Amino acid sequence: MISFENDYIQGAHPEILGRLAETNLEPLSGYGSDSYCESARRKIRKACGCENAEVHFLVGGTQTNAVVIDAMLKGYEGVVAADSGHIAVHEAGAVEFTGHKVLTVPGHTGKIDGNELRRYLQGFYQDENHEHMVFPGLVYISHPTEFGTLYTKEELRQISELCRDYEIPLYLDGARLGYGLMSRGTDLSLCDIAEFCDAFYIGGTKVGALCGEAVVFPRKAPKHFLTAVKQHGALLAKGRLLGIQFDTLFTDDLYFRISSHAIEMAEKLKKVLREKGLSFAWESPTNQQFVVMEDEKMKQLRENVVFSFWEKADRDHTIVRFATSWGTKEEEIEELKRLL
Amino acid sequence: MISFENDYIQGAHPEILGRLAETNLEPLSGYGSDSYCESARRKIRKACGCENAEVHFLVGGTQTNAVVIDAMLKGYEGVVAADSGHIAVHEAGAVEFTGHKVLTVPGHTGKIDGNELRRYLQGFYQDENHEHMVFPGLVYISHPTEFGTLYTKEELRQISELCRDYEIPLYLDGARLGYGLMSRGTDLSLCDIAEFCDAFYIGGTKVGALCGEAVVFPRKAPKHFLTAVKQHGALLAKGRLLGIQFDTLFTDDLYFRISSHAIEMAEKLKKVLREKGLSFAWESPTNQQFVVMEDEKMKQLRENVVFSFWEKADRDHTIVRFATSWGTKEEEIEELKRLL
Amino acid sequence: MISFENDYIQGAHPEILGRLAETNLEPLSGYGSDSYCESARRKIRKACGCENAEVHFLVGGTQTNAVVIDAMLKGYEGVVAADSGHIAVHEAGAVEFTGHKVLTVPGHTGKIDGNELRRYLQGFYQDENHEHMVFPGLVYISHPTEFGTLYTKEELRQISELCRDYEIPLYLDGARLGYGLMSRGTDLSLCDIAEFCDAFYIGGTKVGALCGEAVVFPRKAPKHFLTAVKQHGALLAKGRLLGIQFDTLFTDDLYFRISSHAIEMAEKLKKVLREKGLSFAWESPTNQQFVVMEDEKMKQLRENVVFSFWEKADRDHTIVRFATSWGTKEEEIEELKRLL
Amino acid sequence: MISFENDYIQGAHPEILGRLAETNLEPLSGYGSDSYCESARRKIRKACGCENAEVHFLVGGTQTNAVVIDAMLKGYEGVVAADSGHIAVHEAGAVEFTGHKVLTVPGHTGKIDGNELRRYLQGFYQDENHEHMVFPGLVYISHPTEFGTLYTKEELRQISELCRDYEIPLYLDGARLGYGLMSRGTDLSLCDIAEFCDAFYIGGTKVGALCGEAVVFPRKAPKHFLTAVKQHGALLAKGRLLGIQFDTLFTDDLYFRISSHAIEMAEKLKKVLREKGLSFAWESPTNQQFVVMEDEKMKQLRENVVFSFWEKADRDHTIVRFATSWGTKEEEIEELKRLL
């Protein structure tokens, strides 16, 4: 049985486990105040080209979104997202749980269109009743999106400038950021993201860590953010678990190397899928690939391969997802080729 | 430098790290649905003597308290706790963040007194204005308490019966439960706790795990608890990290053995502290020991030993805390003896 | 200057003011426990054909929606509404403020389509990820809708049966209920609504009262609803203000008579608008009429008549709203006719 | 039967009802944008000596407290109050419902002691764990307090200066403010309050209005406060109901004259109670008087007089409350004298 179910089917990259074992007996202070967290912060600041960035470590993605969004919004504000955005659909209402509405604009294979966003914002302030409505207080995008797609530098610049015109901060959900940065065609770097966004997170859980997301505020974090994290039940006692993992990921470019490996595997996977005559539901330049499969074929393949149901395409076809990760092996793709 | 700062200064017990490494490459499904989580649940149910208990794994203590309390309360209810309770003081208002008041009764070195609780509940329902007040909807106790103290079986039975008379569930915060169960004088077993309480958690973070708390609902969990966990941002993607840890802790009694070791070390520590003429701020039968120290002495000792400030006792004295854990070594206590 | 701005431009129906003055000096107990509230409750129960209904009086519409919805939902649930629903758009996120998501289905001139609702509910439970999503816990409809449209008895029955199949309660926002009940073509009575819905409110603010909405739970109210009302800051100290108003409105059918008057005025208004060649943006059988007007014409008419901007129709045309109420006089419609 | 049950047993002062009737048919815009609201704001600003004050009208006291406190606090902050404060005890957890903790300091017949407040604030910032605790973000006092007591100018100044030292705003709950301002011994004026506080409200419900509280931000209101009011379900559609009432109350000093009348009646009442040998539970200089009464006596008196149970004093005695208001008549006090 081989698995392309998702990018978090395995534990952590072995180098991370090794470092956890090596440092295990050192007594360290808690809550992110230890030396490994500090070292990881320094390396992340450097990778982002932001010497003054504030970096915090949280445990998971939904948690990170809820804490950051709640901390950045004023009480009467909501967050603008694509209607397919993870926070809008698949986080069990975690943002609303903090009292804030998720305001949606149409998603285009997961992406917000700058012009549509502009029309939404203009329309909001032109509406005579807007004081009876939820103010847009933050724009949320994911990169890669839930569809595996990417913003170009120009697209992100446009959204960023628009946000700055309206004095609305821009937040990027980078649960799979590594795969976006290492995608072959992208022109968007980590430094660009730090320049264009007011907050973003570098995903660890889906890029080689046991758990953990690194939140970066390139310029200024919300006041007393640590207390907000604690209030959300999101402050890890043994902060070392996050610090050591990110310190390892940002040593010798491990984060980028393993992301790059997953991209390479995804490219091979695409080739195999294409050769086997499967059509892509949409084009994805990252580690998730979505193809349309005959239901009969799907059923048969599932006997030997794990992959994800995405949605029904039509009566007899289904869109399914194959994901690669740091742990995907070339042999597994060869094996898939044989089985298809 | 030796450290008695707290019981989470080190990583995980080596057996746990070993199991994480061994299982690292196995592809497993997420969100607590993997086989290790299932195995851990079985072992915990057995240890609790509750074949039908529902067991969920969360990451940290404040998170666990907020999720469980919010899920068990109706909208108009609050949770009753000792005024010194962790949820009342040191969780940054995480319970209030979910919309519920923490209602306090006096704490007696961390413990709720059954008779005072009875008077509070009687008084509430007798108050003609009680419909304008927050209804008590859950009773929260910690065991061991924040002061290291323990309830006797008779005390817990009294509180439990009182709660059942009022149809109010009882929830026990077991962040350091192992140390309570292995304390030399205790007459309260894990099965007793499962019998007397409607929910409790078995703390992992402070008892040998990297992170993780096992929530046990001995009879019936709140409906769709998994969704509530997700909504609070508390659902770990790689649930394996929690499942493998608890599976290891509940294999061959590891949880109890390491707790027992910490108690043994605490007893030795008590002896040393007593011999050195230090007076105890209060009697603690668990792994945390609180002594009154001259400020001058404290300053001097800190050059070689890490321990915690608790609170000022008087002008020239301070109450300080020494904690033991699975990782405390007998040599460290000998060393402390020499330094005192 | 004549005004068709909305249905709450004037104070209260004079009979209400008269009763407030007559009873003004009687000492009465507070918070809805007075004899006028009790009398109003009896009359409302009778009008609804529900001897066991529980009736509560709240002050305003957004408040009522937020309190009722929050009290009826479990923590992990959201409320399903048309995307144009008042709670989804024009209540400043009051529902989200209580922690719950507003889940939207397409609105058809304000109405939910039973078949689309069925597909949404089926789809939700079929989605393998639905435990990571917000559960539909209540269906919200408005009647009349924000567009002045009405459900037929058959349409409401279908939605009601669907809700019961899924064990999801149905809640009807009756801010303008009187106008719906007195609409000429409707086949839906107050008793039908009480039969089909699990909660609804009879709007007072927009139907002749100074303020006030009567919430009806035909069968069973949420437990301790009064405390929930207080918790939301919605419990009026001088409950008499609401009791006396609703007691008056439900004496000698005043509520229905004034609603009927507004409908009669709306029918005359429609005739005038039609005669003057204005086209209707959509057909409304209630007290709000929506017509498409040339911008030039609109500008000119505004010198003598107050009415509301609804939305831009195209470059040179606007959809505008004219509303009638208990206070609309035939002369005003004549005057409008002259001015058009 | 005569009633001293509370200060909201009757409707509104007759001048208010008269004005509501006179203006009833005028078409006015909604949500507080009408000319009566504007006029009331001007008069209130003048009475407060604050030309730039921002004034908003809300419906009730608990609502006002919840909206103002939530709007003034940052997410991670709580509000400091006396442990007997209305928000801490009798508002069904309305503040916690908005996500914020009520932090308590000891109440002294309802009052906060400046020195104790200072020690609390100093202690908070000195506590090494304060980032894991709820930050004090606002100080709440009531004037008169729930016990009818008053702050002196010097006491209020001390608290105000302390708040400014810590950059924490000060909010005064003036549900019964008129009775405090007209109390015979007070040296605290409305202008003083506007100088010392950052927000306060002038109570209408308990001082002659049908409903309504005027919130005053002497210098600067929270941004988009109107939207926050709407979000809390607290924005009244027919804002005129509040505007006309406050405009009337602040015309020809009506608010002060009726408060003064209640004080005069309270002084006569005190004399009667003293003459009849009843002892006061504590000294109150305002319209609420608290006496200790033998239970037998209480039972007997209740046949002819309505008054409130406050709390049990001992086995055979009860503390009871008598309240006067604008509607109290001298004859009623004479009658009480005869009955005692």
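The letters A, B, C and D name the chains in turn, as written, and every chain counts its residues from 1.
The rule is short, and it goes like this: contacts are C-beta pairs under 8 Å (C-beta built on N, C-alpha and C of every residue); 3 or more make two chains touch, one makes a residue touch a chain.
Computed from a predicted structure; not experimentally measured.
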**Study point:** Length of the shortest touching-chain route, subunit B through to subunit C
**Key:** 1
Practice item. State the pair with the higher C-beta contact count; candidates are A-B and B-D. Key: A-B
Revision key, fill the gap. CA centroids of subunit A and subunit B: separation to the nearest Å works out as 33
Study note, to complete from the structure: So, in whole Å, the Cα centroid of subunit A is separated from that of subunit D by 50
Check your understanding: At what distance in angstrom does the C-alpha mean of subunit D lie from that of subunit B?
Key -> 42
Check your understanding: Tell me, which residues of subunit B touch at least two other chains?
Key -> 76, 91-93, 97-99, 131-134, 227-228, 230-231, 235
Check your understanding: Which positions of subunit B touch subunit A when the two form their complex?
Key -> 3, 5-6, 8-12, 14, 17, 20-21, 23-30, 59-67, 91-94, 97-98, 205-206, 210-211, 227-228, 230-238, 240-241, 306, 327
Check your understanding: Which subunit A residues qualify as touching subunit D in the complex?
Key -> 70-71, 74-76, 98-99, 131-135, 223-224, 226-228, 230-231, 235
Exercise for review: Using the touch definition up top, name the residues of subunit C that touch subunit A in the complex.
Suggested key: 76, 78, 89-93, 96-102, 128-129, 131-134, 309
